[in-house]
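Below you'll find a set of structures to go through.
Shared chain: chain A. Partners: chain B in the first complex, chain C in the second.
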Partner chain A sequence: MLALDGVTVRFGGLLALSNITFTVEKGEILGLVGPNGAGKTTLFNCISGLVRARGRIGFEGKDMTRLPLHRRARSGIGRTFQIPQPMHHLTVRENLTVAQVFGAGRKDPARIAEILDVMELSHKADADAASALALQELKRLEIAKALATEPRLLLLDEVLAGLESNAKRSFMLKLRELHALFGLTIVIVEHDIETISNLCTRAVVLNFGQLIADGTPAEVFSNPAVVESYTGTAHA
Partner chain B sequence: MTELILQALFSGVLIGSVYALVALGLALAFGAMRIINLAHGELVLLAAYMAYLVESRTGLEPYAAIPLALAVVSAVSIALFMLVNMIRDHRELNSLILTFAIGIILTNAILLAFASDMRTTTSAFLQDAVSFGDVYAMRGEIIAFALSLVLMGLLWWWLKASWYGRAVRAVSSNRGAAMLMGINPTRIETVSFLVAGALASFAGVALYTMSVVQPAVGHALTVKAFIITVLAGVGSIPGVFLGAVLLGVTEALTVTLASSALQELAGMVLFLMVLFLMPNGLFGARARRG
Partner chain C sequence: MSDTASSRLLSGRSLAMAGGLVVVGLLPLAAGASPYMLGLLISSLILAGLGLSWALLGNLGGMVSFGHAAFFGVGSYASALLAAKLGVPVLLAIPLAGGVATLSSLAMLPALRLSGPYFALAILAYAQIFRILATEASWLTGGAAGLQRFPGLPTVFGFNFAERHGSYVLVLGMVVLCALIYVVIRRSYVGIALRAIAESEDATRVVGVNSTLLKTWMLMLSAFIAGMFGALNAHIIGFLEPDYAFSGIWSVMPIIGAVFGGYRSVIGPVFGAVVIYMFDQVIAKSLIPVGHQILLGIVLAGMVLLAPNGLAGLVGRIFSRTGGKHHARA
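Presenting the complex of A and B:
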């Protein structure tokens, strides 16, 4: 479904991503892991179109490398941010409806109601998006907004960050539910090894902008290079 | 004295409604693109001169010039947008310089085409006095006031209920996230500039029917629109209307109670007082989400 081939990003003299090559298969839940500064969010930015990269980004057989951000969203790539980015001037329902009309190219109130329901935001549907929501609700809105564009690939950037362990567990169950309900392929950036092990069928590990491991969570987390990258001795 | 003050308040409300149209155009372009269009007042002025052109050449009422004003101001707005859109770095700052320069060019083009004479409507129908108890207004002022209220209502509806209006609010709220929802920002910015141009067209024609225009007025209108936007906060139509009325009333009272020479100064003093006492504007953060 998603094919990255030699994706490379430089910020001035800094090599943020170096020749990243891997594929994501339809229906997978793939964990993208690595220490801070490894290049995980930069890779998300490349896939969603926020950052221009060298190499090739293919999605469902089409070359997306030169497509602008909004056209990638319309092509079926949804994305969330670690810090939720609601449309502050719009209500929760408007956030979703605008995303559906412009992202999916159609208006389907029943689908919006379904998303609001599954994301447990129905009671806040007509509330101001910014001021009336707690952090966990804002995070759910962030995912709901992406779902409203009717993506086939969903990129989740540290969506569990900042949540306490019970909330994290229930959020993880919610992600499984979304995966099944909407037939999604999910790539999730997450630091927590336990979460990746429980949620993902496969994990890709980045360190200093390079791909250092790719396999099942059990395989990658027993890989010495990955252990070194997490304990900080690899480039010490 | 009481009659004079009442008359000043009434006149201030009437002119304030047209100021509100000017300010809403400026705020709309700012909301969508995060640029302050310093040529916005000149777009209003251009429309006013289209009204003068139609009235003086054809003898028709100035409001007959609205289609021409819409066409000319829209064309200039699109050209202006394309120039601003070519700026790649530091768009907020560089667009200030660019639009300031375009404003100067437009002022001088109007000066060349229409000379520096003051112009106002010669329509007896629009200049007829209408009384409301102890206060009076020209029929042109009443029509301009009603037109402004209708346009503000339409703008409110467009922003609230239409998909493009909602998309303008989305881009205004969070440009990057709006793009991730599939919104093409260039299209939304173009639409915003066109709507701002339409508001400028109506405001210009209305201004011509109730006031005096000359080439130097454009810059003063931009300053007034900027003051109102800061007073009200970006994004609130009722806030902009109240800010505009406040400015109009302040100017009218200054002219009545002091001197017409102090009219522009009064607006500036009001602006500085609000900035000093209420840095978030008269309507604070609540209005910004309106």
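Presenting the complex of A and C:
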């Protein structure tokens, strides 16, 4: 479904991503793992179109490398941000409606109601502006907004960060539910090894902009290079 | 923007606002205002229209313009030249001049990549370019000496638009029409997406909004409206020179009016421009004939400090305190 081939990004003298090549199969839940500064969010930015990259980004057989951000969203790539970025002054429903009208190119209030229901935001739909939501609600809105664009590939950037363990567990269940309900392919950036092990069928590990491991979570987390990247000894 | 509201872009409230504007606007005629006072009110309404066009770009597009004088000036010259040199009827030349101002705004498209102060500076420089062009192209514009001989507003079905009462009604009608256009856009998905772009452009783009395209539309529409008011003003005053048509006043006064009135609302820039201009011309000038603008500055500073949302916000606050409904999105 998603094919990255030699994706490379430089910020001035800094090589943020170096020749990243891997594929994501339809229906997968893939964990993108790595220490801070490994290039995970940069890779999301490349896939979604926020950052221009060298190499090739293919989605469902089409070359997306030169497509602008909004066209990629309309092509079926949805994403969330690590720090939720709702349209602050709009209500929850308005946030979703704008995303649906522009992202999916249609207006379907029933679908919006379904997303609100699944994301447990129905009671907040028309209550306040999004800026009044609590962190967990903002994270749910962030996902709901992406879902409203009717994506087939969903990029989740640390959606579980900052949540306490019970909330994290229920959020994980929610992600499984979304995966099944909407037939999604999910790539999730996450630091927590336990979360990746429980949620993902496969994990890709980045370190200093390079792909250092690709396999099942069990394989990846027993890989010495991955262990070193997390303990820091390899580049200390 | 509930579903029902969005399906009716012109709600009863919007039409009531338009009706209110017309009624308030016609009061001076009913009260028998003097030609001098009507002249001042016409000028204030020209600024109100310009303020609406500025707010359309600043509030919806999130682009603060210090160069609306460019569109105003281009509209002024285009209409005067169309009417004088090609014999185009004035009432047709005015929207055509808006079209020419829109075309001129296309030269600004590269600046849409900029944001905040960089955009403001770019558009400020752009206004200067047009002033210089108008001065140098003397074969067409009359150069620094300007244009004097071009038709004024016509008489239609016995109604003389060139006369003060007629001009006033025409400009008032144009302001109301532009306010309604603003309301329709603001309530549409395009308007909502535009306001979201002003908050976080990336967050809006990742849900499929083509922010560049929407901002381009807003720049073009804003230029069109500014150009039309420039054209109206030219035919009312009957002369043009580059330093007047492209004066910084046409960039600054709409901003002052919009900020004073509350640029986030539709009605704010209209009332702000009228109140601030009339205050300046009637009160401040009588108190300090030379340097009266200092009072304008003091009043504006006071308003920004005490009521950052301008007159519209202040009225809303008073209504909410007295039990009325506070309509933040007037």
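Keep in mind that, in the parts below, the second predicted complex is superposed on the first by the 233 of 236 C-alpha atoms of A that agree within 3 Å, B and C clash if a C-alpha of one lies under 4 Å from a C-alpha of the other, contacts with A are read in each partner's own complex, and residues count from 1 in each chain.
The criterion applied here is as follows: a contact is a pair of C-beta atoms (placed from the backbone, for glycine too) under 8 Å apart; a residue touches a chain by one contact, two chains touch by 3 or more.
Just so it is clear, the structure is predicted and the values come from calculations on it, not from any experiment.
In the three-chain model built by superposing on chain A, chain B clashes with chain C. When both complexes are overlaid on chain A, the residue A:147 reaches neither chain B nor chain C. In the superposition on chain A, A:88 makes contact with both chain B and chain C.
After overlaying the two complexes on the shared chain, residue contacts for A:109 are found with chain C alone; chain B is out of touch. When the two structures are aligned on the shared chain, A:79 is found in touch with chain B and with chain C. In the superposition on chain A, contact of A:128 is made with chain B only, not with chain C. When both complexes are overlaid on chain A, the residue A:38 reaches neither chain B nor chain C. Residue overlap on chain A between the chain B contacts of one complex and the chain C contacts of the other covers 48-50, 68-70, 73-74, 78-79, 81, 85-90, 94, 97-99, 101-105, 145-146, 148-149. Residues 48-50, 68-70, 73-74, 78-79, 81, 85-90, 93-94, 97-99, 101-105, 109, 126, 145-146, 148-149 of chain A are the ones touching chain C in the complex.
The touching residues of chain A, when paired with chain B in their complex, are 48-50, 68-70, 73-74, 78-79, 81, 85-90, 94-95, 97-99, 101-105, 128, 130-131, 145-146, 148-149.
Listed in rising order, the residues of chain B touching chain A in the complex are 163, 166-167, 169-170, 172-174, 176-185, 235, 289. Only residues 1-3, 6, 189, 192-193, 195-196, 199-200, 202-211 of chain C touch chain A when the two sit together in their complex.
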